[in-house]
Each structure stands twice: as structure tokens, then as C-alpha cells.
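Here is the structure we will look at, set down as C-alpha cells.
Each chain carries a letter (A, B, C and D) given by its place in the written order, and its residues are counted from 1.
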Amino acid sequence: MGFTEIVKTEEVQLENAILLEGLPGVGNVGKLAATHLIEELNAKKCIEVYSSYFPPQVLIDDDGIVKLVNNELYYYHGKGKTRDLLFLVGEYQGMDSSGQYDLCIKLIELVKQMGVTTIYTLGGYGLGKLVPDPRVLGAATSDEIVKLFKGAGVEFIDGEPGAGIVGASGLLLGLGKLQGIHGGCLMGETSGYMVDPKSASAVLKSLQKLLNIKIDLSELEERAKQFDSITNQLKEMDTGESEDRPDVNYIG
Amino acid sequence: MGFTEIVKTEEVQLENAILLEGLPGVGNVGKLAATHLIEELNAKKCIEVYSSYFPPQVLIDDDGIVKLVNNELYYYHGKGKTRDLLFLVGEYQGMDSSGQYDLCIKLIELVKQMGVTTIYTLGGYGLGKLVPDPRVLGAATSDEIVKLFKGAGVEFIDGEPGAGIVGASGLLLGLGKLQGIHGGCLMGETSGYMVDPKSASAVLKSLQKLLNIKIDLSELEERAKQFDSITNQLKEMDTGESEDRPDVNYIG
Amino acid sequence: MGFTEIVKTEEVQLENAILLEGLPGVGNVGKLAATHLIEELNAKKCIEVYSSYFPPQVLIDDDGIVKLVNNELYYYHGKGKTRDLLFLVGEYQGMDSSGQYDLCIKLIELVKQMGVTTIYTLGGYGLGKLVPDPRVLGAATSDEIVKLFKGAGVEFIDGEPGAGIVGASGLLLGLGKLQGIHGGCLMGETSGYMVDPKSASAVLKSLQKLLNIKIDLSELEERAKQFDSITNQLKEMDTGESEDRPDVNYIG
Amino acid sequence: MGFTEIVKTEEVQLENAILLEGLPGVGNVGKLAATHLIEELNAKKCIEVYSSYFPPQVLIDDDGIVKLVNNELYYYHGKGKTRDLLFLVGEYQGMDSSGQYDLCIKLIELVKQMGVTTIYTLGGYGLGKLVPDPRVLGAATSDEIVKLFKGAGVEFIDGEPGAGIVGASGLLLGLGKLQGIHGGCLMGETSGYMVDPKSASAVLKSLQKLLNIKIDLSELEERAKQFDSITNQLKEMDTGESEDRPDVNYIG
């Protein structure tokens, strides 16, 4: 077993809370959506998770201060019809299969104690081509959540994604189910070629309905417009040219 | 040590049972044979095995419900001259050497408690060329089982397979022997180029004699015929062409 | 967990000591600087660290005597305004992420007991081109040390190094901070193409001020001159030739 | 930690014994030498070591019986001036660094209990070119053994091998030294291109003197002659041809 240290920066207890996972992945869709929501809701950090399953690396901020790479939890106390929320974000997912499993098992145990009863994981679904109008696809651990997601406009397509869901977005659901915590995954369609704010915006529109919150998407949509403008320019440059596509680095 | 969780979905005790392993491997021969037999005998699931030695992945069924990848055990209570049977199937083998060993050790301990006294592992023997009439090759942990297999038409060829048997099909026998459980491996010859129902059918014909059961092979043989028809078309396309064979992806 | 054995060759207790890490890395800048300082100060070995996170390898000295690869600690009792020093040097860093974490955690625990209260890590910052006049860049775990480093001429540049610090030089700071030990990293600019005594010399000039010691740099500067002479010859050979640069082996 | 099981097939106690390691390596020199000596001395098997650090693989003998890959110890009770001997042989070394360390630590503990007080490791020293007259190079953990080896015609060359000794042949010495067991390594020069009976024969000639035994080398020398004849034919075929040498697979 590797080293994992959970540092509580604030003691927090939630009630019937939803965990929202937004770790890096395809198109960084989940990360963009979760960090946008953290900022909009002004959610507060309460947990730092350090682990030997992350790279042996420190990051440096603009003041020259180093910070060991980690995962972090942010909380938001729900008001009215909005449930308590806990956000899982960070620079990395666990680096190998055993790291993924060990971290997800520890995180589920932790968030269960903190009051989490539902897990929504956020991610991108890479199509390998530009997606002018990304849909949000779903998968869930129970028929109830499938129904709930469908009611929020999330689409379920037979046999999609064919390879299932790989990484924390899948594992938190699969392992959560074994621990009696149900949940679902929201996957924004994305090319997979670059960070995709438009897909993140689509995911957040589904989340608005699911969480009964109003989210200001103007900043993300501004970035999405810039994104569209750039991809249109790229498309024009591409017209009449070879079909050979250069190697693409998936964000992973 | 990694994480491995054994979930009993039904409490089952067998007597003098045979474990039949059919995990994915060359030509998926063992998997095809074991899953066909499970369906024919209407064997029931009793155990799910989850492990960090499998990929961090969930699969999605047609209703949008996620399922963590796993291995599963199915049981069949024998009648008359047929012994009790326990089937080991799944989407993956353990992903690395230590995973293979750890899972096989845990599985042998488990099935021993459940009443297993013999292990038959089912697999494919990749020849790297089309096999019109696949033989079934054998290997075993004792002279008695070699004799038994020979009586069922299984062939033993000096020094074949030269590389021995790699993966669960080998390890369950080798580690089982250390635990006093004897057994053998049935390997259907196969090209290794694709999933091979004809080879699986040949393995099942040997199993019919070894297990004293009658298995309806018509569905597998129908698929084998389609397989032959496709490979014949490929052969015709290939005639007169270069001997250079493109890289072949073994199913592993 | 892997095997790690700490052999004390001399029982040493220090007071308010600084750990100076100089393990192999980019341009071997940290290693050159630390070993030069060990020789200049005539520091003595007190600890050998053996570990399965190092390669399974012995080295052979000129008398034919084998020595298992390891990391070693050397100590120096400070005089006057110079604090006690402890040097960490060796042939290798831990070979993978979990090895890096496990070794750094064990080393921090060990040096804390020996009286270390500050950690300075020494390394190179690879620019991928020749650096006629290398600067020394800094990063630290606290504003106090940033200020201290700036006072010694160490430069802090927004967002540099962009990838943060990877390996022991980063991890000792990040994990040390979690244990309440503060510190900083001194990075000499270097091409990264070869062992770089000039960059090591620059790092030592900063250390002179930080440690209140006078270090004879003549030997390193002699090697740096030879280094300059060779690179100038290479540059002349390169003039007018293709921009294609051959593969470069980073040390490290 | 991985799985390692030590099976005693015979209870054996030795006195002041020498461990002779001959696991697979460059040119399989050590393995050839050790297995030849086992046959010549009619040494008997007493220990089988199974481990998850070996591949998940069974081998199949000519009777169709499977055998899990392992390492084995063979013993020989010395007569007159010949000390007790214990041989370590097998199909594989541990597969990664942590496997190498863990197995060597366990083996040293085991053989110490069995009465081993000295370790000689046997290996090949790959030169990357044909070696008409292979020398035997040495390395040792003490000046006494260096002297002893020199007296048996073993050569010590400054700084050779430059990379030290990698794998079990090095690690058993390095870790043994930490446990107070001294020893040395005999390395027969070899091309590294193929299994090399001539180099093994050279190593055995040194061992004859060191162990005070007479070994019949006729069979190995016969194989060495065939080897010479083949390499001479290859050389003739090579004459006048390109200097480009194809990739060589070192036996590892």
C-alpha cells in the first residue's frame, strides 16, 4: 500500500450531501465544470489529500511558494431545495490501477463519514472529432438515478460509451455502489483534442436542473465562444488539405 | 497487497466439485467454452470478485447501469455421473504478475472452501496460422489426469506448448498443485487472430467426455461456420499476395 | 512497502541543522554542488541508506570491492555564524513515484530526529540551450525563506519552473512542509545536455551567502572553464549547419 | 510485499558452506556453469522457491506434467578440502527491482540458517563482440576474497565492469555484506550474443581451484567447440559486409 495522508483544514459535517467529482480527464470537462461551480458557489476547502499515487512533484505559485500536488475537497451548505455539496478536484488522478482503487476506496470512506449519500461524477466523452453542439450522456448505478438524469435532459444511448468509464469517474460509482452509495456520471461530448469549456457548460446546464441551482455560465460561455472562433479558423485552414490528422494529445 | 473483495451473492456448498476456468485469453477460447457451458447448464452466479488488479473501469449495460469490472463464479449441482461444477469467468485476468498470483491464491483458497477438489482450465493455443481442424492439447499436474485426458481424446505433444502456459490457466494449476488440488488444462488450437468458436467447440467436445454431460453445440457450431466462411473469403482475397503477414493482435 | 535499511556508521546529533540535498538530477548540478561542499568542509559520513527503490546493482571500486548502491548522509558541525549541516547525496534517487515518496518520508523522519530544522534542496533547471551566465532560481515553502533567498541574489520568476519541481528536490520540500520543516530549492540554470560545473558553481555562490561560509570554488571553476572551451568548440563546429539537434540525454 | 513460498523437499543442514548462484544472465554463463557443476557433483535438490516476482507461468515437461516456474537450491556435502556447497539455480530472476531485493533478502536469510558463510555468484560479462579466449573477471566484498580470487587466476581490472553488477549476482553480494556474509563474483567474458559454454567453462576452471575440486569439463568443451565452429562460419559469412550489426538480444 502506498502513502496517503488526509489533512483536514476545516472540520465539516454535511447532511445528505452529493459528492461532485471533477478530476482531470478527457477535455478536462469535469475539472472545468467542478471548478467553475466551486467559484460560483464560493465553496470552501476543507480537506487536502496527499498521496504517493500522485507524481513526486511540487507546483510553484506566483510568489515562489511550493505546493505538493494533491486532491482537495470543497464544501457548500445547501439552501432551500439545494442539497449540501462536496467537490473533489485536483491536479491529478491516481497514477496506476492500484492507486486509482486505493484512493477511491479511501475517498468514499471519508466522504461517507462527512455525510455524502450520493455521488455524481463529471467527465468528458471523447468523440475524436469536433462537436458543434455537445450532448450530455449519462450512466448510473440505479434505475432511479437514470430516471432522474433523463428528467434533466441527460441522454442514455445503448452501448455508449462502449468502453465503459475509465478512471475516477467510473471507479467512484462502481466502488460507491459496493458501499451502498448510489450515483451517476454526466459526460459532456467533446472532441478530446483540447480543454473544452463548451462541453463543461453543457454539463453544468444539466447540473443546474439536477441540483436546483442557478449557475452564471457567462464566463464559461465566453471561453466557449473563443474556442469556437479558434476551431473555425483551424477548420478553414484545414479545408482542401490532407485528411491526415497530426497526433493528438488527449488530456488525460 | 492490492484490494480484493469477494462478494457472495448466494451461499453455496459443493461436493467434490470441478473448477472450470474460462477467463479471457488467446482466441478467447476458454471464455467462449465456459460461458457456453454456463448457459447450457443454466449455472447460477454465487460469487463476485472485485480487485485493484483489474482495470479501474466500469462497464455500462443497455439500461445505462454501470457495473464495476470483476470476475464471477457460477455453480452447477451435478446429477448422476456428472460432478458438481464451479465456473470462473470475467472480463479480465489480473493485470500484472503480482496481481495474477494474488488473485489465483485467493481464488484457490475460496474454491477449496466451497468444495472444489479438481481444477480444469480452458484456453487457446495460438498457432499464428489458420487451423481448419483444431485439436485439443493437454497438460496436467499428475499422471492420472494425463491418462484421463488422453482417454477423452486430448493430445499430449512433447514440448508443446514450448513456452508453457502463461496466465490464470497455468497459474491455477501450478498454485493449486502446491495446495494439493490437482488438475489439467485443455487448450484448443487456434490461429490467435480472432475470437474462435470452432476451437471452443473442440474444447467442449473433450469436456463432454470428461464431465459426462451432453452439451448442445449447435449455436457455437453455427458461429464456427460463419467464422469459416469469413476466413475462406479472407484466404481468397489473400491468394497470390505477399507472404508478409501484418502484425497480429493476440487476444490476451 | 519496499525494503529500506538505515545503517548508522556514526551516532550524530545536530542542532538547528540545515539538510542540503544534492542527489543526481538535471545537469547533475545539485550533486556537483553538494559533493564539492562535502569535500571543502571535510564533512563526515554518518548514515548509509539502502533500499529496494534503488536499482538492484553493486558498484565496483578500483580495488575490486563491491558496494551496494545507496544514499548517504554527511554531517558538518557549524562554527560561528554557520549552522550545522547535513548533506544527502548518492548515486540514485528512488526509481518510481512510490519509491520517491517512501524514501523522502523516511529521510525526513530521520533527519528531524538528528536535529534538522530547515531543508535546502539543490538542483538544475534545464533550459534546453547553452547558458553562458547561469542564474540561480528559487522556490520555497514560506515567505520568510523566499525573502532570505532573494537577499542572497536568488531570483524568483513568475511561473518558473512551469512544471514545478519533480523528484527529491521537490518532494523533500513538499513533504517537509507537511511535517513542519520549512525550506527552499536552489536551481542553477543549465542546458541539461551535460554535467554542468558552471551551474553548480553559481549555486554554491548563493549558498556561500545563505550559509555564511567561504567556499573555495577554484576547482569547480577550472572545470567550468574546460566546459566552456568544449562548448565553444562545439558551437563553432555547429555554425552554418542544420538546425536539427541530435537527441539529448538528460541526466537524471 | 509479493507472495514468496519456500518449500523444503529435504531437510538439510550444512557447515561453513559456500552458496554458488547460477541464475540466468548475460550469455547464461552462470546458469551453465552452476547446472554443469550440479550434474558433475550429483548435488541434490532440497528447496523450491515460488514467488509472484517470477512470471505467472507453468512449464510443461515431456510427460505433459506442469511445473510452476521457480528457483531451486541443490546441496553437496563437501569431502576432504572441499567445503559444503549450496547451488541456487532457476528459470528466472525476480522480475523487477523490488522483486530482486525481496527475493535476495529472503534467500540470504534462508541460506544463512542452512549454514552458508560465503557467497560466490557466477555470471557473464558481455563485451558486445566475439571473445576467442574469455578471461574470468572478479569482484568481491573483501580484500581477502580479492586475494583468494587472484590466486585462482581471476583478473581484476580497474573500473571493470564500469556499470557494476546488476541483478542477483550483484545483489546477493551487496545484501550479503550487510548481513555479514562475504563473497565474490566470477564473470566470464562473453559476447552476450548467445548462450556461451566456452565462457562457462572458463568460470568452472577458476572454480576448480577455488573449491578444490576436479570437474570434468569435456561435455561443456565439446559444446564450446561446436559454438566456435558456428561462430567461425558466421564470421566468414560476415567478411566484407557492412559493419552495421543487427540488434542483439541479450539473454537476461
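As a convention for this text, a contact is a pair of C-beta atoms (placed from the backbone, for glycine too) under 8 Å apart; a residue touches a chain by one contact, two chains touch by 3 or more.
Quick caveat: nothing in here was measured; it's all calculated off a predicted structure.
J.: Report same or different for the subunit A and subunit B interface, where same means the shared residue numbers exceed half of all residue numbers found there.
T.: Here the answer is different, because the shared fraction of interface numbers falls below one half.
J.: What chain lies farthest away from subunit B once each centre is taken as the mean of the Cα atoms?
T.: It is C.
J.: Fitting the CA atoms of subunit B to subunit D, what rotation angle results, rounded to the nearest 5 degrees?
T.: So the copies are related by a turn of 90 degrees.
J.: Roughly how far is subunit A from subunit C, going centre to centre by Cα mean, in whole Å?
T.: 38
J.: For subunit B versus subunit C, what separation do you get between their C-alpha means, in angstrom?
T.: The mean C-alpha positions of subunit B and subunit C differ by 53 Å.
J.: Please set out, as single numbers or ranges, the residues of subunit D touching at least two other chains.
T.: In subunit D, residues 1 touch at least two other chains, as defined above.
J.: Viewed as a graph of touching chains, is the assembly arranged as a line, ring, star, complete set, or other?
T.: Here the contact pattern is a ring, one closed loop where every chain has two partners.
J.: Among all the chains shown, which pairs meet the touch rule set out at the top?
T.: Those chain pairs which touch are A-B, A-C, B-D, C-D.
J.: Write out the stretch or stretches of subunit B touching subunit A in their complex.
T.: Those in contact with subunit A are residues 1-3, 5, 7, 50, 52-60, 62-69, 95.
J.: Mind listing the subunit B positions that touch subunit D in their complex?
T.: Residues 1, 94, 97-98, 100-102, 104-105, 138-143, 146, 156, 158-161, 163-168, 170-171, 173-175, 177-178, 185.
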